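Down below is the structure, laid out as structure tokens.
Chain lettering (A, B, C and D) follows the sequence in which the chains are written, and residue indices restart at 1 in each chain.
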Amino acid sequence: MSRDNHRQPVVTLTGVSKSFGPVKALDDIDLTLSPGECLGLVGHNGAGKSTLVNLINGTLKPTHGEIHTPYARNRRDSGIRSVFQELSLCPNLSVAENLRICHGGLSGPGWRTRAREEIGASLSRIFPGHDIDPNAEVDTLSIAQRQMVEIAIGFAPRGSEARLVILDEPTSSLDAGIAGQLLEHIQRFCDDGGAVIFISHMLGEIFQVTNRIVVMKDGRMVEDRATEAFCHASLVEAMGHVAQQAHATRRTAEMLGDEVLTSPEGISARRGEIVGLSGLAGHGQAEALARLYLDSTSGWSARREPAMAFVAGDRPRDGVLPLWSILRNASISTLNAAARWGMVDRRAEAATAADWQQRIGIRTNDLGNTITSLSGGNQQKVLFARALATSAPIVVMDDPMRGVDVGTKQDVYAMIRAEAAQGRTFLWYSTETEEVCQCDRVFVFRNGTISAELSGAEVNEERILAASFEMQEN
Amino acid sequence: MSSLISRPWLWAWLASAVVFALSVALSGAGQAGGLLYAALSFGAFAAIVGIGQMLVVTLGPGNIDLSIPAAMTLSGTLALKAMGGEPGTALLGLGVALLVGMGVGGVNFALIRLLRLPPIIATLAASLIYQSLAIWSNRGLRIKPPVALADFATGRSLGIPNVALIAIVLAIVVWVLLERGVWGRWLLATGQNARAARLAGVPVESVRAGAYLSVAVLAAVSGYLLASFSGGAALNMGQQYLLLSIAVVVIGGTSIAGGFSNVPGLWGAALFMFLVVSMLNAYGFDAGARMMLTGVIIIAIVIAANARRSRS
Amino acid sequence: PAYSDTSDKRIALSNNYAGNAWRQEMLSAWRTQTSRAVKIGTVAAADAFTIGENRPTDQAAQIQNLILQGYDAIVIDAASTTALNGAVQEACDAGVVVVSFDGIVTAPCAWKVVNDFRQWGREEVEYMAKRFPEGANLLEVRGLPGTFVDDDLHQGIVDELKKHPQLHLVSSVEGDWAQDVTQQAVAGVLPSLPKIDGVLNQGGEAYGAAQAFRASDRKMPVIILSNAQDELAWWAQQDRDNGYQSISISNAPGIATVAFWVAQQILDGKEVPKRLTVPLLHIRQQDLDSVLAKTPKGSVADQIFSQADVEKLIAAARDKAVQRSQEASQ
Amino acid sequence: MNKQLAINKRLAMKKRWVSPRILLPLVSFSVLLIATFALQERAMSYLGLNLLFNLTVPIALATIGQLLVIMVNDIDLSVGAFVSLVACIAATVLVQHPWLGCLILAALVLAYAVIGALIHKLRLPAIVVTLGMSFIWDGLALLILPAPGGTAPTWLRALMTVKPPLVPMAVAAAVLIGLASHLLIIRSGIGTVLRGLGGNVRSVTRAGWNDTLLFALAYGLAGLFGVLAGLTLVGLYTSAGANVASSYTLLTIAGVILGGGEFVGGKVSPIGAVLGALTLSLAGSLLAFMHLSPDWQIGAQGAVLIAVLAARLLFNRHGASSNAIAQEATA
């Protein structure tokens, strides 16, 4: 599949700005993207990356400036495909039916067969060896599988050809193996003349796949250079963070307190320990954590001092209370502890929230704004604040760094270590090996059970990968 | 937040004021007091059941209690039967009504929680059973309330109907609970996203149970008061409160999608629903035209209130 | 017609509503009369079937189920005059005798045991005309909109009012045949009304209207009463206190027993006119105490018909029909 | 590899055919049907089946209408009043002035579509708007027919009393309604998009669909089924009245849920809904055959409804209710 090699760019932005009321999300952006380019878009949480994407694909209209997409024939078929940051499939439809939604050409008798073939082919092309049934309803799939489906729909031909595919944090729920498959496909796609905008907070991926990087900061483009012109440190610096290479000082059992927790699956944790859960995505880690949390707290009564706190990773499903302000979202878990006669202590509530805004750096000028006005990463910080503000001795975290930028990640790592030093215990599931390597001890999951328990020097990428895949290599 | 609260609050009251003015324009200013008094009396019953319905609706989509009329009938019937018209038994009757309310609420919640029935079906099916119970217990006989109780229910203090005073006190209590109470926050959180609320440490099961118990108890109290007010319980008592309770909740500005409730607006809507029927009666519309106008007005208010909200 | 024994015949009652005292009394009248008849072997069975709400769709389904069960006759208190005709026709086609009463059906194959609701409406206005020869303002409380009883009674009132121009119908409200609804509707409309001298209604809601008037500090108007015990007791009390005068008109729930015996007579091979009018129940002021003594507290005054009563009714109707046809042929 | 794929494909097909959404309605219907036959063998005949089910035809149609609205996450509290209004028009205007009648009915379908668009465009709560609409439909019906009456057009009466060979009209109609709505809602492309609307509006609009038009379409189709329900109702009952179908509102909601549908998320099953409607009327018949005391006949209906729905617990352990957080999390 080779395209006629137009020199014409796929999209051109000139002087584009976008405001949400008083918030200026994008300021005077000029950007040109040519066929064959893979553009990396990086920046801190709330820098405006998603907003830029939504302008390019037409979901939002710019406040000022112009966006030119020469290949657009109509809105349904502009050759521009987006894979959104929040999953946007119809959960009640099957994988093939979801393709039908964005593919008007699928109609008439037999469309189901054609849809199944098309999505199946696209999935196999990008993720060879995947086990997704095109007839499966989306809500029976794991979050990683859904993300794969969405990516496959983005790259599927759908009657015409995809000219520009925009991927907004596509790997945030994927494990390393699957993410690698995606990166390879992106490379092939660009070699064939397609263009890609790739947003990620995982700088390794950015370096691996892109040939040009745009750095955004507070709604402006601060850098736009070829990938080779950056190194890891200079990129982090350009994003406005001081590169820290803080290395976890891993602690051993003797340095920690008594065992405070054991689960039926065999997870155990000591006082003050940071315990990681790892393995391929969707192998039972999230379920084990949720079960642990639900079993040790009650739906019938709330204690003033909860036994556990939970940090959700799937924000819309498990975390955010969308009608409420940032303040109320942050304080919901601590209301009971500060209450007198069942009444909310509003002064204490405001003070705690302001304190945590400081400590965790939630980017907003008013905690009274609704939570949905925050960018994805900042919403995540609110969920962190919610859990850490409680007095719970154990904090359970379900892949909590999804969409958190590099700088904030370092801050949160530090905070977790500080809390752990004061005797808090953390259970931390993550799809990213880098995070798991912050832990004192790691349980690797495979097919819903623990396949390895690693501690001390054993906690490293090779051992984790080995434990994740063992059976499959046999 | 405050702007969100004030808008729907405003619309229900504005609508009742307009309707009130139109009625008074017809009957003359001299009758305004009488109309207001009647509106407060009958609005009180709608407000009491409406508060209960509001708590349940706030729990989120699909939560609704269709057993309100049956609970009212059962409570009115059993309470009046227990009192048997004897003087000095008013508290006994209230006790019976409260017990009925808790029983009904408990059964409803058990059906929803244990059998996992959708609330709309669970409460509908259960209400048929409550209705049978009411028929079986009393065969539709109308027993008079004790004289003192009847006098209290139809009487007034400080020029305000006693039933309205009760409803106002109940509304204030619930309002404070929702605005300032931990339980209120928990209810609102559960209504927005029950799963997220549970994971944030909210005891969602007891919040739910509380809401379903509250609506049943409030319906039972309202049935007890209504039976005393209208001189006896009847098997078809309270039928109109099924749709009325839903209408006052939503016209009052509570979000049917859950997570947001509005007590002051609810009272405005309760007055409105009474006043609009009286106005149409007074202007001499026949049943068909009256129903159509009621429908048009309800939709117009919902549009007006919502258009305001989405524009801001 | 040849003599035929009905001891092996089964009769069913299809009732569309049970939610008020009138219906409860009707069911209990049916129970007492039919259980005797079954015990002494006049019929084999007389079962009562009730549905929840006043809904023709449910009742049509119920009638079809009764056909399936092989009843010989179905006695119907119908939710709709016309919407059951499909089901009634099915029954007639299957050879089932259909007798409707109170709420009747218009299907030609069904027997109708009726109260004259227009007559009722006319009598209400006649009484008002007698009480207020100089003229009066009247308030009408109607029943459930869209039902034929409500429509008929209202027509009777309207017809008769044309003859008495001194009577002014100043407003009419819907009471849905329920006291609390009536009380609310009347209380709502009262402030906009001039002085009210009389209240016309359809039975079952007079007490609600009285409550509304009491709360409004207006003078108690003349309210036409029905057979509900609490209304009668209220009337007696008012009479003792201030010599309150009114009349009570109603349809006795015992009409169900008429329908039962009519069905039995038809099954027995007797010739029964297709339409049988049962007189309305009038309670006069002087009989008030004796009626109240007989009526259970909270129930309704009733009149139960025995087989002999009904045979007499049938004979009278047949004679009248013969007379009429003779007049017509002359 | 190829073999594996083929097996997977066959498994998938099987899964689709015995979807749990339809399994429960099917089983509860069968159980009730067997119980009915056991109590009343007369029901097991051409005539008996027709008597048992013919009045369900309009309910089944109205249930599909309700399903279309529930499918897009709304609820329609005006079905009963709307079907009554259609019946009133069919029994009066449609007889006297057939063309005018058709025109009015078409306008009613259009009105439904407009309401759907309005609800969505202005973000109104459907439950209240349809509640308001039910007053309007009721009022219109009362204006047309102040007291019950009218007559069915002869062609409608003939259609509803037709006696096809082998299967009675009621059964044939139920099968037809089930299949047609299945093709429309589950199999067809546009049906899939409409279901997607219930699952995730944003994803549908992002794919370039005009959501307001889609909502209008869903409601318009619901209105169309409402009209069909009203017409068949008149054909069966021979006449109409302003509150002839008032029970349909709650019956249709119960039917959709009984048929495996859910209130949110666009998860519905048309065949299940038809079975649900049939099950509900069977439950009523069964009670009539059991000779309960009149005091308890009403309550028994509630008990049967609870029992049938509680059986869902046995079928889907996940629990369809929104309460099932714990299970969802551990599933």
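Throughout what follows, a contact is a pair of C-beta atoms (placed from the backbone, for glycine too) under 8 Å apart; a residue touches a chain by one contact, two chains touch by 3 or more.
This is a predicted model, so every value here is computed, not measured.
Among the other chains, the CA centroid farthest from that of chain C is the one of A.
Per-chain CA centroids place chain A at a distance of 72 Å from chain C.
Distance between chain centres (mean CA atoms), chain B to chain D: 30 Å. Centroid to centroid, with C-alpha atoms defining each point, chain A and chain D lie 41 Å apart. If each chain is reduced to the centroid of its CA atoms, chain C and chain D end up 36 Å from each other. Multi-chain contact residues of chain D (touching two or more other chains): 141-142, 146, 297-298, 301, 325, 329. Residue positions of chain C with contacts to 2 or more other chains are 18, 52, 145-146. Along chain B, residues 128, 131, 135, 195, 198, 204-205, 255, 287-288 each make contact with two or more other chains.
Touching chain pairs in this entry, ordered by label, are A-B, A-D, B-C, B-D, C-D.
Looking at the complex, you find that chain C touches chain D at residues 15, 18, 27, 47-53, 55-58, 60-62, 64-70, 80-87, 89-90, 145-148, 150-152. Against chain A, in their complex, chain B makes its touches with residues 1, 180-183, 185-186, 188-189, 192-193, 195-206, 255, 259-260. Residues 23, 26-27, 31-32, 34-35, 38-39, 41-42, 128, 131, 135, 138-144, 154, 226, 229-232, 234-240, 274-275, 277-278, 281-282, 284, 287-288 of chain B are the ones that touch chain C when the two sit in their complex.
Within the complex, the chain D residues that touch chain B are 73, 118, 122-125, 127-129, 131-143, 146, 250, 253-254, 257, 263-264, 295-303, 305-306, 309-310, 312-313, 319-325, 328-329.
Against chain A, the residues of chain D that register as touching in their complex are 8, 12-13, 15-16, 187, 189, 192-193, 195-196, 198-200, 202-204, 206-209, 265-267, 325-326, 329-331.
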